[in-house]
Amino acid sequence: MISEGEYVLLYSEKGDKWLIKIRKDGVFSTDLGIIQHNDIIEKSFGEYVLTHKNRKIWIIKPSIYDYILKTRRRTQIIYPKDIGYIIMKLGVKPDSKILEIGTGSGALTTGLAWILEKDGLIDTYEKRSEFLDLAKENISRINPKASINFHNEDAIESTFKKEFYDIAFLDIDSPWLIIDKVYEALKPSGRIGILLPTYNQVDKVLPSLEKRFIDIEGAEIFKRELQLKHGKIRPLFRMIGFTAILITGIKIIY
Amino acid sequence: MISEGEYVLLYSEKGDKWLIKIRKDGVFSTDLGIIQHNDIIEKSFGEYVLTHKNRKIWIIKPSIYDYILKTRRRTQIIYPKDIGYIIMKLGVKPDSKILEIGTGSGALTTGLAWILEKDGLIDTYEKRSEFLDLAKENISRINPKASINFHNEDAIESTFKKEFYDIAFLDIDSPWLIIDKVYEALKPSGRIGILLPTYNQVDKVLPSLEKRFIDIEGAEIFKRELQLKHGKIRPLFRMIGFTAILITGIKIIY
Amino acid sequence: MISEGEYVLLYSEKGDKWLIKIRKDGVFSTDLGIIQHNDIIEKSFGEYVLTHKNRKIWIIKPSIYDYILKTRRRTQIIYPKDIGYIIMKLGVKPDSKILEIGTGSGALTTGLAWILEKDGLIDTYEKRSEFLDLAKENISRINPKASINFHNEDAIESTFKKEFYDIAFLDIDSPWLIIDKVYEALKPSGRIGILLPTYNQVDKVLPSLEKRFIDIEGAEIFKRELQLKHGKIRPLFRMIGFTAILITGIKIIY
Amino acid sequence: MISEGEYVLLYSEKGDKWLIKIRKDGVFSTDLGIIQHNDIIEKSFGEYVLTHKNRKIWIIKPSIYDYILKTRRRTQIIYPKDIGYIIMKLGVKPDSKILEIGTGSGALTTGLAWILEKDGLIDTYEKRSEFLDLAKENISRINPKASINFHNEDAIESTFKKEFYDIAFLDIDSPWLIIDKVYEALKPSGRIGILLPTYNQVDKVLPSLEKRFIDIEGAEIFKRELQLKHGKIRPLFRMIGFTAILITGIKIIY
């Protein structure tokens, strides 16, 4: 049974998806007709409800992928394909201590929090309070178990804990201004990740990483989707050609 | 301090990486000279040891990315870029109950186990015992906290728990032969993932997914690496053009 | 000076492009204002005219790239990136004798005709007369010098000249039905190209090529565009993910 | 019949290719055995000869694709996928007048010359005489009909004809030093192409193009090859990830 206050992913016959929070007596309108929240409350995940036009809408338990794509956003978000790679490359695990500079709309924070347990921690910094408020709201939807500490500060002026974090991730305009402090904040052998939207920034950040970080990699992750029509398999005509460049490295004592 | 029995990633000035297990009085030979394990034991992660030729080798705490790339393999493995996407798309989290058909060398199993906690579980099936033995060995390196149950069976003849798993992942030649049972084993609204090496298999598996699964997606994940020379940023000339096609979907009660 | 009857490419400050034919006293409306054809007639290529709103519109001599992108179409067209590769891979040159099965809207025919001289020839087959009429119109814009012979026939029932063509290109649904005849029509050592929209068709056509053709290649050509803002170089977010698969080979006497 | 002095492409059962010039009494050794040139002279294109080990080697009439891939090189060459796109984007045709700065090993020159007729022309500049000599040799293999004028000069110090060229192509380290002169050398509405190996150079060249050129595009062309095994269609695991960035534009009178 679905509970009030729970988030559900609705999936229509046409492939549309909506992420909604269940409220008693709530009503949700789609182009396939109206759905009563109360009808959903009586069902279990995996079942469907009918709209008033008798069209099926499936009730799905949202996964992190859905939460991220349905991030309410005031910034460019980080996509699941990139978050997945970040998790693997930086080695995020349930007890990771993570420093995030540039919360933005909180998509990455949500992705990381999905994997963290009680002994995990994220210190996330965002200077614009309106972004941080939105990020808090977005992250709250998944009820994170770890401590997520939101710092409404310009990280360039912040003081970080020393040699405390396993992982640091930077998604700000000028990461080179802050690499010194991030280096200090990371445990030796800790991992850094930097998201950059242009090649110019890649070039600019490199000198600040030299000597202090090894295994420095720059990568772009693409996703190419297939048309899944039986007998007519081909890639989709449209594709997202670029989201971001990911720079990663490992802190050393030099 | 590094302990005996611990795995460390060694990283040379030239960018070579080795994953080794520390043994008292052990010796490791590289093309940059010989390293004494005892020298490593006295150090901390992030520091370096010198070879007998006086070359630096950094001691790094291995992350899941390193464990996966250093998987001892007798099969094609699943790469971190793909594992990261699978984790995000299927929504793996610390308490996930996962059914894996086709353990192979255990690269994906290791990636999943990295994220699972005590209340997480993987039932993994592999008919070839030599693969399963290797997989066990590979996975043991990360000391998984969750229950990883290795089944040396041809999954086509196995009986699975009913509506027990949050996630099922299939990496076998003919997944269409087993979709019926996997459907039964998944909780409603549970997620399925299928790895396929050819478009012909994509076409063949589709009919078995129809009606019972929604949100069916076929995707390939690419990684394009950059040459990170200051003033000379460009993609690398060489690239892995293909690893696998990932099919995913959500179980519905139809 | 631009002549009446000539095609010109108009290029606006905003980057919009239009391919128009100059007519005395003609008028062309854009969202930046109205242009008099007579104003264009007085100019030379590379100069600009002003709209009645005083906005600049540049007068450009169209190139084959422009003609192809401005193909009036009733079918999917073949894109310049693919045509360029076909020309190179099949070795099109001014005196090539080319057999084209499936004229469609004539985009490839136009691209090939651009390179052919008087001693070049294209026999192009299209069963649907409405496509062929459109193709003729599209191709006539470049005043081809070579003989372009339009055959309004279902090529499956046509008789082709024997060992006459240097190159054959097939863009039809079921090329496997016609490979026998195409093989006969090609000179020994002649080149075949086949455009296919799905992997299923790739699989289906292969047996018909075996033994009789060598150097069989299947390729997709991608184009990834850059955002060219000084100081902010990055790929564009949007990209065409797929146009077609190109199969090529060389006829042998076996 | 094949003539002495003619170039032939030899194609082995294993898929190896060799481009050789036929000499009376010549001998060619392969890992499949020895071939007598005299045996080839008696054959026609499309037929095969037998090695002394009785293995088949097919005799193929080389196409521009083969000549380019078999370019003898002392520099990075421009690949057919890129040359094909350049031909389409810049609108190369049999009577084009082309200015090429940076002949290198002559791969692009050969590709352009393949399409030019007697009324076509290439002025190509290369400061290193050893490259130019090699380029001449490479281009001579296709017996070009157009005038190919080789200038052993540092183009930065050369004087070009004014408003003479339809197309200019630059493949040098610092194209920005020469754009002024190239602009003058192009006909109004003429097309420029610039090959660049790094994003830093893309950024650097942009200001020199502004205002004087429109329709400025930056693009990379990828080629992804398929494994063509019946029933097992998939992309190849290996792929060339990058060759070059192509910048193109159109000269305007501003």
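When the chains are written out, they are named A, B, C and D in that same order, and each has its own residue count from 1.
In this text, a residue touches a chain if its C-beta (ideal position, glycine included) is under 8 Å from a C-beta of that chain, and two chains touch if they have at least 3 such contacts.
From a predicted model like this one, the values you see are computed outputs, not experimental measurements.
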Contact-richer chain pair [C-D vs A-D]: C-D
Whole-Å separation of chain centres (CA-atom averages), subunit A against subunit D: 45
Between subunit D and subunit C, distance of the C-alpha-averaged centres to the nearest whole Å: 21
Junction residues of subunit D, two or more chains touched: 199-200, 203, 220, 224-225, 231, 233, 245
Arrangement of touching chains [line / ring / star / complete / other]: complete
Interface residues, subunit B side, partner subunit A - complex: 11, 15, 17, 44-48, 58-61, 63-65, 68, 80-81, 83-94, 111, 114-115, 117, 187-191, 199, 202-203, 206-207, 214-228, 230-231, 233, 245, 247, 250-253
Contacting residues of subunit D [partner subunit A, same complex]: 199-200, 203
Touch list for subunit C against partner subunit A, complex: 197-200, 220, 224-225, 231-243, 245
